[in-house]
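In what follows, chain A forms one complex with chain B and a second complex with chain C.
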Partner chain A sequence: MALDDRRQSVTDERLSAMVVPDVGCTAEARQAALGRVRSLGLPQGRDEYWKFTRPDTLVQPDAPAASIFKDDETPVFDSFDRLKIVFVDGVFAPDLSDDLSLEGVEIDRLEDVCCTDDHWAEELYGTLEAAGQTPVARPLAALNTAYAGDGVTIRVTGKPSKPISLIYTHEAEDSDVFLHHVIRVESGAEATILENGPAAARFNKCMEIDIADTGILHHIRAQGRDHQRRAVTHMFARLGRESVFKSFTLTANGVLTRNECVIELTGDDALAHVAGACVGDGDFHHDDTVFVTHDAVNCESRQVFKKVLRNGATGVFQGKILVKEGAQKTDGYQISQSLLLDDDSQFLAKPELEIYADDVVCSHGSTSGAIDEDGMFYLRARGVPKPIATDLLTLAFLAEAVEEIENEDLRDEINTRLQSWLERRRG
Partner chain B sequence: MLKIKDLHVDLEEETKTILKGVDLEVEAGKVHAIMGPNGSGKSTLSYVLSGRDGYEVTKGSATLEGDDLLEMEPEERAAAGLFLAFQYPVEIPGVGNMTFLRTAVNAQRKARGEDEMSAADFLKMVRARAKDLKIDADMLKRPVNVGFSGGEKKRNEILQMAVLEPKMCILDETDSGLDVDAMKLVAEGVNALRNEGRGFLVITHYQRLLDHIKPDVVHIMAEGRIVKSGGPELALEVENNGYADILAEMA
Partner chain C sequence: MAVLDETQVKEGVDQETVDAVREVGGAYKYGWETDIEMEYAPKGLTPDIVRLISEKNEEPEWMTTWRLEAYDRWLTKEEPDWAMVDYPEIDFQDQYYYARPKSMEVKPKSLDEVDPKLLATYEKLGIPLKEQMILAGVEGAEDAPAEGRKVAVDAVFDSVSVGTTFQAELKKAGVIFCSISEAIKEHPELVRKYLGSVVPVSDNFYATLNSAVFSDGSFVYVPPGVRCPMELSTYFRINAENTGQFERTLIIADKGSYVSYLEGCTAPQRDTSQLHAAVVEIIIEEDAEVKYSTVQNWYPGDENGKGGIYNFVTKRADCRGDRAKVMWTQVETGSAVTWKYPSCILRGNESQGEFYSIAIANNMQQADTGTKMIHLGKDTRSRIVSKGISAGKAQNTYRGLVSMHPKAKNSRNYTQCDSLLIGDKCGAHTVPYIEVKNNSSRVEHEATTSKVDDDQMFYCRQRGMDEEEAVALVVNGFCKDVLQALPMEFAMEAQQLVAISLEGSVG
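Our next item is the complex of A and B:
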């Protein structure tokens, strides 16, 4: 189908400014992705899934400049023993990174994959992204597959002794970055992947995650710092039988963040939890768009998203559970809640359920509210001044999402970080 | 210690008068009890004294050691030494009990111009007080009141009282929802805190709590005022005959 004129010109304009990297074995996948971008066209404000978040600045040829936020804060996860993989404005920095060898995992730079024959990631690159284009188009992910300049492939074959930590630093004010990671967790293997850092002025990141039967992957991400940064991220996860995927994202700062998560439960008895906590202030706009498909029996999925908004910040949640025919005994849960600290902030939510099986339990809820008055009085009656009480009740509000992090140390790290951000904000 | 004079209170949201001239003085070292039928204004009195929103004082005064309570924010009243043990303690997920206690203690000390307590001293002090109330380490670590049983919540209130060391304690139906053993434990906790410098105002429906926390003075409250005051025997009278006789006497 031909694109309408406006979409065609926006898409053409963007593509004309870019060059598909010369990339050996991923070349075919990149050309196919480019074809998807051309036929889908880039998103526009009137598209069903872009009504609440203006795509303009994510689509326009040049990245809007974003100044680097200087502070003396220790980066998240700094005290953890982990395997560090650092990208500076989207370019892998070997001198800042650890040696990529670790027992139980094979890590390669995407660039090297492209020059290797028969690399395991060759078949996966772009595959889950392509599958995730229906029933809802995600053209910015296809754009990523076509143009990704860097990234890593991670194959988990055992139980690595420490988390794999992807660190994204931001140094150039106009950096426009595409990163693409491919992750495969083999049967019986288990790993934790951490991500943190502002990454770029405009960051487009795509992560394809394939979890084989009984594989387990934990993913914990902190998006913070630079106030003017923009990001659109996609996670496409495919889960095999009895596999587990748990993802948590903490977001603060950033003028625009769109985190899309597309999960397909394809093997029986699999479990997927995806959670997010965000703290937004002023011109902060944060969008979680989640699509979970149950296509197997007796799987469990949870979506837990909490947003604290003030001074005109906007939060968006678009979450869907699709239960396909035959996906009996599905247990689906979805909650999205906002804590609005003033009348200027807004939360826009679109929860969706679509169910074609008759023996399922699916629940969803969405609320917007102010600080709990009973809690406020209780804390103040114990001598806690109002600003500190507000912070404690903010933590209380976010707790359900943060508690989705299974590892206690990492959970504490995220909670401590949240506390210090709230404290700093309090001044 | 606590002086309440001719206190009149309306609900802010609707034109309804709840307290219609309460006079009460609790001396340091004394335990006063307030009993009364439902809707007599007992809980409202505890909320107005501790500074909850939603009430309007139309007349009268309330002072703590001469300081005007009604002019203060709730946290200032707490720092001045007032403590309310809640009838329904609030659950605060995501905030550890210990963090909550330390935040409260240090905020009060700061408000009074005192130094913050060191983490080690604080931990030692809380552990000792918790042990007396049979509160284990796990309960101190868990989020405030989340998943606590009725008895655990009330013991947690008394622990907060023990840790904050207020001058004036108001207990709002602390016995509600407690079985006999839990009530005894809570009462023992309260009794351990009784001393010459501290006043107590115990609000209760039933005499049985007063078997364990022996009051010096018992007040009967009805329709927004104190209608009768006496010794501990007044509580027994209520227990045996209900409020009807006393109220009839007043009419």
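Our next item is the complex of A and C:
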């Protein structure tokens, strides 16, 4: 079907400003992705899937500038023993990164995939993204597959001794970055991937994750704080039998963030948990869009999203559980909650269920409101000053999401960050 | 029904529920046809047809102009495609937009003059058009006080209102209850003031179509401080083939008044699908209250999805004054395709909106239904309770919006929608939209497997019931609560559904 005029011109304008990188063996996948962008067209404000978030600044040819944020706080995860992979404005920085060799994992730069024959990632690149285009189009992910300038491929074959940490630093005020990572967790393997940093003025990141039968992947992401960047990220995960995928994201500011997570449970007894805690203050728009498809028997999925919003911040949640015919014994859970600390902030949600199997337990809940008055009264009655009581109740509110992080030390790290964010704002 | 009979019902689903759904989805009881000589407008939709409808209703010039403007708007609008319903493209030129019994050419002055065939039709439907005290078939009604048992009926047959009962008695109370065509002639000032003020002409594709071609419907005006002395009801019957029914209902509850309004509908069993696109507008002033109840039982098509009514309805209530209150209750069992979202605009401070719905889709039926609660005023309250049940190969979707505007301080919404699937070939979907733009309001949305209160469970278990029994009792009690929101006359029809428990349901 032909695109309407507006979409066509916006899409043409964006594409004409870009060049598909010279990329050897991913060339075919990139051309196919470009074809998807052309046929889908880039998102428009009136699209149902972009009902609550304006895509304009993510789509326009030039990235709106974002000033570099600097402070003296130790970067998140810094105290952890980890394998560091650093990107500066979207370009891999070997000097700042660790040696990429680690037992139980093969890490390559995306570039290297392109010049290695029969690289395992070759057939995966763009595959999960392409599959994730139905039933809902995600043209910005296809745009990423076509134009990604850098990224890594991670193949987990054993149980690496430390987490693999992707660090994105931001140094140019007008950087416009596309990163694409491909991750494969083999049978019986287990790894933890960490991500942090603002990355760029405009950041488009796509992650394709393929977890084989019985594979386990933990993913913990901290999306910087107090910076002005705009970001759209996609995570496409495919889960095999008895595999486990647990992802947690902390977001603390950023002008515009859209995190899309597309999970497909294709093997029986698989488990996927995706959680997010977000604290927004002022000019902040955060959107969690999650689509979980159950296409196998006896799988479990959980979506836990908590948002604390103040000074005109906006929080969005679009979550969906699709249970396909035959996906019996599904256990699907979805909760999205917002805590509005003042009258200017807003929470917009669309928690959806689409179910075609009868022997399933699926539930969703969504609430929005101010700080619990009873809780506040209890703390105040015990002499806790109001600002501290507010922080305590806020942390308690976020706890259900943070608890989705299995590793205790990482959980503590995230809690500490949340606490210091709140403290800074207490003034 | 074959589909449901062969269905393997999952363990834990109450047999009573299955039987009740089977009963409801069974042979359609109202599928017969009245053999009566009809008069049709030519097929298709043109400005001439719009003028013809206006002319047949002997409407003033302003009304004709209003319709023609709507027609022009309609030409520019696109059919909505966002609902989870799938049906062959409708050829809007292959429909009759006006059909009336020949005998209605000269409008009867009283019910005595109405064609006996028409009276017999309604008699057969269980809605006798006599000013009798009790509606046929209502058991136990003898015990109710005489006043409480009266129901005034406006009967709409294809494109025209056949007659309205108890008009004189209502007039004594100051209540105007008549067909909308009559109201346009008799009370133009009221119609002009309110028509299109809740559902604007260009609101959506079907509402715009309705604005152009609506042929009849009901009109209610309850003056300030008046409690309408009886239930008002409209019974819609589609009889003619290839004919769309486009009715328009306008209800105005002036300050401090109260009215309860019931709506019922049936159609003959045919192989071809028929279109029904209605608009209901309700205006509720300060301290007034309106209850609107529907038992929608249009022909749903056969088990292979042949025939049935396409039901595209726009219903909206505007709580304009402070403390205005509206309650929508619907039992949706019919129609091949349902597209219906009775909504509440809570404009007045402390106004209240409630929506109770049971939607049952069986065989090849598709229902996409829900509500919108738009909170604009301070301290407004809304409650949504929706139960969707799917069987056979049916698809049942709850779609709703709860919107708290920045000025709607201290408002409250509670939403609960549960779905039950009987068989593994059907689908149940939930598409809620939640928009909260102030922090003093609370919004809660829940859709859970079995939301059984622990205290109630404890109480039952303590008295020796096993868990299953206790759940059944509690859930049934809950469902009955919803059904009790229906006035007695309709509760009878809905009674068949009472046994439905929501065990094994999914949110």
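Keep this in mind: the second predicted complex is superposed on the first by the 426 of 427 C-alpha atoms of A that agree within 3 Å, B and C clash if a C-alpha of one lies under 4 Å from a C-alpha of the other, contacts with A are read in each partner's own complex, and residues count from 1 in each chain.
As a convention for this text, a contact is a pair of C-beta atoms (placed from the backbone, for glycine too) under 8 Å apart; a residue touches a chain by one contact, two chains touch by 3 or more.
Small disclaimer: the values here were computed from a predicted structure and weren't measured.
Would chain B and chain C fit next to each other on chain A once aligned, or clash?
They fit side by side.
When the two structures are overlaid on chain A, which partner does A:387 contact: first (chain B), second (chain C), both, or neither?
Neither partner.
Which partner does A:48 reach: the first (chain B), the second (chain C), both, or neither?
second
Using the touch definition from the top, say if A:351 reaches chain B (first), chain C (second), both or neither.
After superposing on A, A:351 lies in contact with chain C but is clear of chain B.
Kindly classify A:395 by the partners it touches after superposition: chain B alone (first), chain C alone (second), both, or neither?
A:395: touches chain B, not chain C.
According to the contact criterion defined above, which of chain B and chain C contacts more residues of chain A?
C
Answer with first, second, both or neither: which of chain B and chain C does A:415 touch in the superposed model?
In the superposition, A:415 contacts chain B only.
Give one of first, second, both or neither to describe whether A:374 is in contact with chain B, with chain C, with both, or with none.
After superposing on A, A:374 lies in contact with chain B but is clear of chain C.
Could you tell me how near the closest CA atoms of chain B and chain C get once both structures are overlaid on the shared chain, in Å?
Nearest C-alpha pair, chain B versus chain C: 13 Å apart.
Inside the complex, what are the residues of chain A that reach chain B?
That would be residues 372-375, 377-386, 388-389, 392-393, 395-400, 402-403, 415 of chain A.
Any idea which chain A residues touch chain C in the complex?
48, 325-326, 328, 338, 340-343, 345-370
What part of chain C is in contact with chain A in the complex they form?
It comes out as residues 10, 82, 84, 404, 406, 409, 419, 421-449, 504, 506-507.
Can you check the complex and tell me which residues of chain B touch chain A?
Residues 50-53, 73-75, 77-79, 83-84, 86, 89-90, 92-95, 100, 103-105, 107-108, 111, 143, 160, 164.
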